[in-house]
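Labels for the chains are A, B, C and D, by order of writing; each one numbers its residues from 1.
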Amino acid sequence: MSDETPTSVPPEPLTFSESELFIDCYRLMKRIRMVEERLSALFADGAIPGFIHLSIGQESVPVGVSRHLTNSDTIAITHRGHGQALAKGMDLTPFFAEMMGKQDGICKGRGGSMHIADSSIGMLGANGIVGGGLSIATGSALAHKLDGANHIAVAYFGDGALAEGIFHECLNLSALWSLPCLFVCENNGWGEFSKTDQQFRGNLKKLAKAFGVSYQFVDGIDVGAVTDASESIILAMRKKPHPYVLECKVERFHGHFEGDPQKYREESDLATLEERDPIIYLREKLIRAGIAPAILEDIESRLAQEIEQAVASALAGPNPEFTTAKSEVYAHE
Amino acid sequence: MSDETPTSVPPEPLTFSESELFIDCYRLMKRIRMVEERLSALFADGAIPGFIHLSIGQESVPVGVSRHLTNSDTIAITHRGHGQALAKGMDLTPFFAEMMGKQDGICKGRGGSMHIADSSIGMLGANGIVGGGLSIATGSALAHKLDGANHIAVAYFGDGALAEGIFHECLNLSALWSLPCLFVCENNGWGEFSKTDQQFRGNLKKLAKAFGVSYQFVDGIDVGAVTDASESIILAMRKKPHPYVLECKVERFHGHFEGDPQKYREESDLATLEERDPIIYLREKLIRAGIAPAILEDIESRLAQEIEQAVASALAGPNPEFTTAKSEVYAHE
Amino acid sequence: MRMNSESVRFGQAIGRALADAMIEDDRVILLGEDIAAAGGPFGVTRGLHAQFGSQRVLDFPISEAALVGTALGAALTGYKPVAEIMFMDFCTLAMDALVNQSAKTHFMFGGQNSAPLVVRTPHGGGLNAGAQHSQCLEAWFAHIPGLIVVCPSNSEDAYGLLRAAITDPNPVVFVENKTLYAKKYAFSESQQPISLGSARVARVGKDVTVVTYGGAIHWAEAAAVELAEDEIDCEIIDLRTLQPWDEATVLTSLTKTHRLVILHEAVESFGIGAEIAARMADIGFDELDAPIRRIGAPYTPVPYSPALESEYAPSAAKVTASVKEIVL
Amino acid sequence: MRMNSESVRFGQAIGRALADAMIEDDRVILLGEDIAAAGGPFGVTRGLHAQFGSQRVLDFPISEAALVGTALGAALTGYKPVAEIMFMDFCTLAMDALVNQSAKTHFMFGGQNSAPLVVRTPHGGGLNAGAQHSQCLEAWFAHIPGLIVVCPSNSEDAYGLLRAAITDPNPVVFVENKTLYAKKYAFSESQQPISLGSARVARVGKDVTVVTYGGAIHWAEAAAVELAEDEIDCEIIDLRTLQPWDEATVLTSLTKTHRLVILHEAVESFGIGAEIAARMADIGFDELDAPIRRIGAPYTPVPYSPALESEYAPSAAKVTASVKEIVL
């Protein structure tokens, strides 16, 4: 689908300020990873109902992008959006509580994994409809442009969504009106149980260019590359509103949803996933750069503690009441 | 929207066989023109209800394309589809009767101008939905491919339809499955009352290429160019099924619909339309090539007669009965 | 608010409501195909682009799905968009944004935000525009929790309801019968928003309740005049809002007349009238002295030919006949 | 036709109907997302790709609008496509092809051709899949002249109705309740197509008629068992086809029981039940001894949390309560 093939650059030494940055990234990526691993276990235990789609292996993308966003910037996220939400700043307890369908969930238990939203941080909402967030982000970008306040909107979408006509409509509109919308494609090569190249024959770079929309490819194994690319893209978008397509090559480590045994996937593909793990990649980079493993282990143990607390407090919370929910179908002035 | 700008080549002498071909084209283009001029008058007189959209100025496109189609090839046409239908071979009397909402109309008066169809000649139907025929033609191309019988499907569409997401979906699908679908864009520069460049920022050539779909531009002033281009395109498609985008630059001489005073159009634009008339262009070419004007006038007078007969017999026909119509909502085995 | 007591066309009243809403709140923006300089296919937005400029009246590409999705995104980011879908038939292209996204935003995200957008769209036949430009699809939207559905029948109501719809924090589908656009109605000074969900008793009567909305009210009114000659006194209720609809007003009327006829232009089967009838056959059962009759379009696509469409459409005569069947 | 008298899962019965239809007529092709090697998200098409190959079982890109439009184009060119829309909620993306195109083809083009396609799609909740993966939108389609709407409640009906739907020359929306897929039902030898438009009396009774369809029938049956203990004898009618629905069978039952309850999983307001109730409040008025009660989902989007969804969904208890209100 894209011209470029992902490259696997060996880690290099870091400057001190780089290592600060990368430790931050490490913390956030690891946080997402550990949260999702916890979700996976909770799901297996039956503590989480419905469908959950984990972004394990893809954490570098939202972490790299969100570094450059404020709460006034808006994002629309996907069904595989836990990382996108957490990287934007969603709190853990209401996050876990939502997954569990609890009253203290960020959406009072009415949304679940596919429908998390946090308007306090500009997170417009996850979407159970493939491509469903694209036009919402585009409209949010229109609002930012009309406001004239240099905020931007981000539309996360998967490579599967490329086949939906709405993508075309949104590319056109954002090009036509120079809307500050960053289209971030998390290209994991799969749409459910099918390879995307069996579903989509377009070349994303050429497609963007056909609308005069700038495009950049980054290999998501390297959060540094994502960060750098997003930084310059977003800076330019703030200076002068315009759309941009950022394609990030990543791997989907787990099944399409939890419980999917991935029988359709080659053994060899699954076996080599680790080589494409952005967290292992960054960890090695940090270690080589002289960061003491203990620092990273400390981060991990703090995260573990934070997560356990969040899970415990989410689990302890009450279930929602249907009568309350029913009274909130409509907003009141 | 397209890279190329239309060129206005002066007519050149013709060989004998060329002149045969061009006289044929002239007859068919003129037929469409005269039919539509008659419709315009009938509409002004109140003999035709509803909305009609005339293709005056655009006749070269369907005439050039349809030369290479048989009744087994299928076409889906637009709201501005009279020429597309007539070029494929629709008879005049049921055509006029349909416009008038008569029982003898090709659709028994239930469709009207926006919904003519003639399944006996592979004309799948006109569409009141912009872009509505694209996926129908794509599906018909799928059927042809499964049949393995070298037939093709043609999707006519306007430049306005480029903004609809369904176009993207159909380009992708036909590329992915190598479907013998010819996408013919009648680019008249307008979508209703707005210029298409105010609505669509994509470049059609690049868009097609982004899906690996071949593309060709022709200036519709020259039916010869349309004929030549379609011939080689369609031949190749029959040999080995694949999609193709053919963009034809034409002008819309009348309003969006009959009765539209076109106040939104520059005087100068309207004043120079004649220079872009494919019929005048061809007539001059024929005259210069030594065809006696009397031959053309003879064609015209025969056409006039044919048209008047069709109009008279359509007008004389009965109105449809609602009880009959109501019994045909569902097909019976 | 205006100081007129003139008569104003239905389409113009909508234009005024848009203008006044835009003056009052600069978060109100308009999005639609050919609505700016061209003024919309029915002239409803004529003049607004000149008055408010390209930042507030935006000509949208022919992309209905993105149109409503964009309106929603802007609504979630502080604006109050009013999107126009040129013909209600084209809503088919925008159902995801309306039904899966806008309608569910408030509830599904736990009440964090709301989706204050309006989708205006003309429905109905009478123009021989054929099966893809004449449909009345309001029943679809009334079935979707989270949406509000409005359908006015005259200029004052159009104005007042649209003002209310724009102010409302929820997504509203605002349906305009296209044969009304050019009709003139009294338009009194100092128009106010009309609260959504309240019906209007358009004619007081005692023998039978005729519930209707939108353009169909004229058939009901004509029938009432005819029936009065036979000493049958119709009460006509104009629902105005179809979801939530004013159950109390309908029930009150039924309690007086004990007979119910429901009329709309949409296809009768599975139309708006089905819900009204079903509800009254439950909560109003003891009041009913006769079968509930419905008059709507027959179960066929809208035909093109005038000879067909005139028989297809409901009419005063059909109302008169139905009423007589249950009153006499 | 098969020679089994075993019990067969609902999803499997659908798979068998597809296979048998494909064997019988090689114009039958399947189109859908992940239906080929993957066998569909609920396993319904498992094995068909292996059996019939890539020319007849086609994995479609994630493009629902093109999916149904393509099916229509193929139908108009000699095939009998069966398209799968993965969740009924995604029909929102394909409404133009279904409603403006497929439904109108036969009528609008004067009966020249027909559109023999089937759109299979699962509806309903119970999986805590949330507001965008649980909707029951069949009432939309029942409102559209030209479409046929089917919703089976057990394996034999699923088989027989799907066979009929594929043979039928008209576009059929074939709705499958997703909680049924894994359920086993008796499946007798020599299954035949079941003619569309005929309801099934699922339980004979004399005190009250319960009209229902699809997955909801199990709530009706459980309620009937409970009510029998109170000496209330329910007649249960399984509609099977929602458009055209079997008015005669419902009326016959009402003429016996004089009491009517309608049950479905879809939102009650403006749902399928509204039309049944409205119709019976007209043609069955004189037979009615009590208000018509409906049981459907309340007017909210489908909530995610099990704590909420379990209260949201209709239930046997709600049926029992409703029946008692009008029988006692």
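The criterion applied here is as follows: a contact is a pair of C-beta atoms (placed from the backbone, for glycine too) under 8 Å apart; a residue touches a chain by one contact, two chains touch by 3 or more.
Given the structure is predicted, the values throughout are model-derived calculations rather than measurements.
Seen from the C-alpha centroid of subunit A, the farthest chain centroid is that of B. Here B-D and A-D were compared by C-beta pairs in contact; the pair with more is B-D. The centroid of the Cα atoms in subunit B and the matching centroid in subunit D are 41 Å apart.
Taking each chain's centre as the average of its CA atoms, subunit B and subunit C sit 37 Å apart.
Separating the centre of subunit C from that of subunit D, both taken as means of CA atoms, is a distance of 30 Å. Each of residues 60-61, 63, 65-66, 89-90, 92-93, 96, 100, 107-108, 130-132, 145-146, 299-301, 303-304 in subunit C touches at least two other chains. Shown for subunit A are the residues that touch two or more other chains, namely 105, 107, 109-111, 115, 127-129, 132, 163-166, 169, 172, 176, 198-200, 325, 329.
Every residue of subunit A that touches subunit C in the complex is listed here, in rising order: 74, 76, 105-111, 115, 117-120, 124-125, 127-129, 132, 134-144, 146-147, 153, 165-166, 169-170, 172-173, 176-177, 325, 328-333. Across the complex, subunit D meets subunit C through its residues 65, 89-93, 95-96, 98-100, 103-104, 107-108, 130-132, 137, 139-140, 142-146, 243, 266-267, 269-278, 280-283, 285-286, 288, 290-294, 299-301, 303-304.
Contact residues of subunit D toward subunit A in the complex are 33-34, 37-38, 41, 59-66, 89-90, 92-93, 127-133, 298-301, 303-308, 311-312. By the touch rule above, subunit C contacts subunit A in their complex via residues 29, 55, 58, 60-61, 63, 65-66, 68-79, 81, 96-97, 100-101, 105-114, 116, 145-146, 148, 167-170.
Partner subunit D is touched in their complex by these residues of subunit A: 49-51, 101-102, 105, 107, 109-112, 114-115, 127-132, 160-161, 163-165, 191-194, 198-200, 264, 319-322, 325-326, 329.
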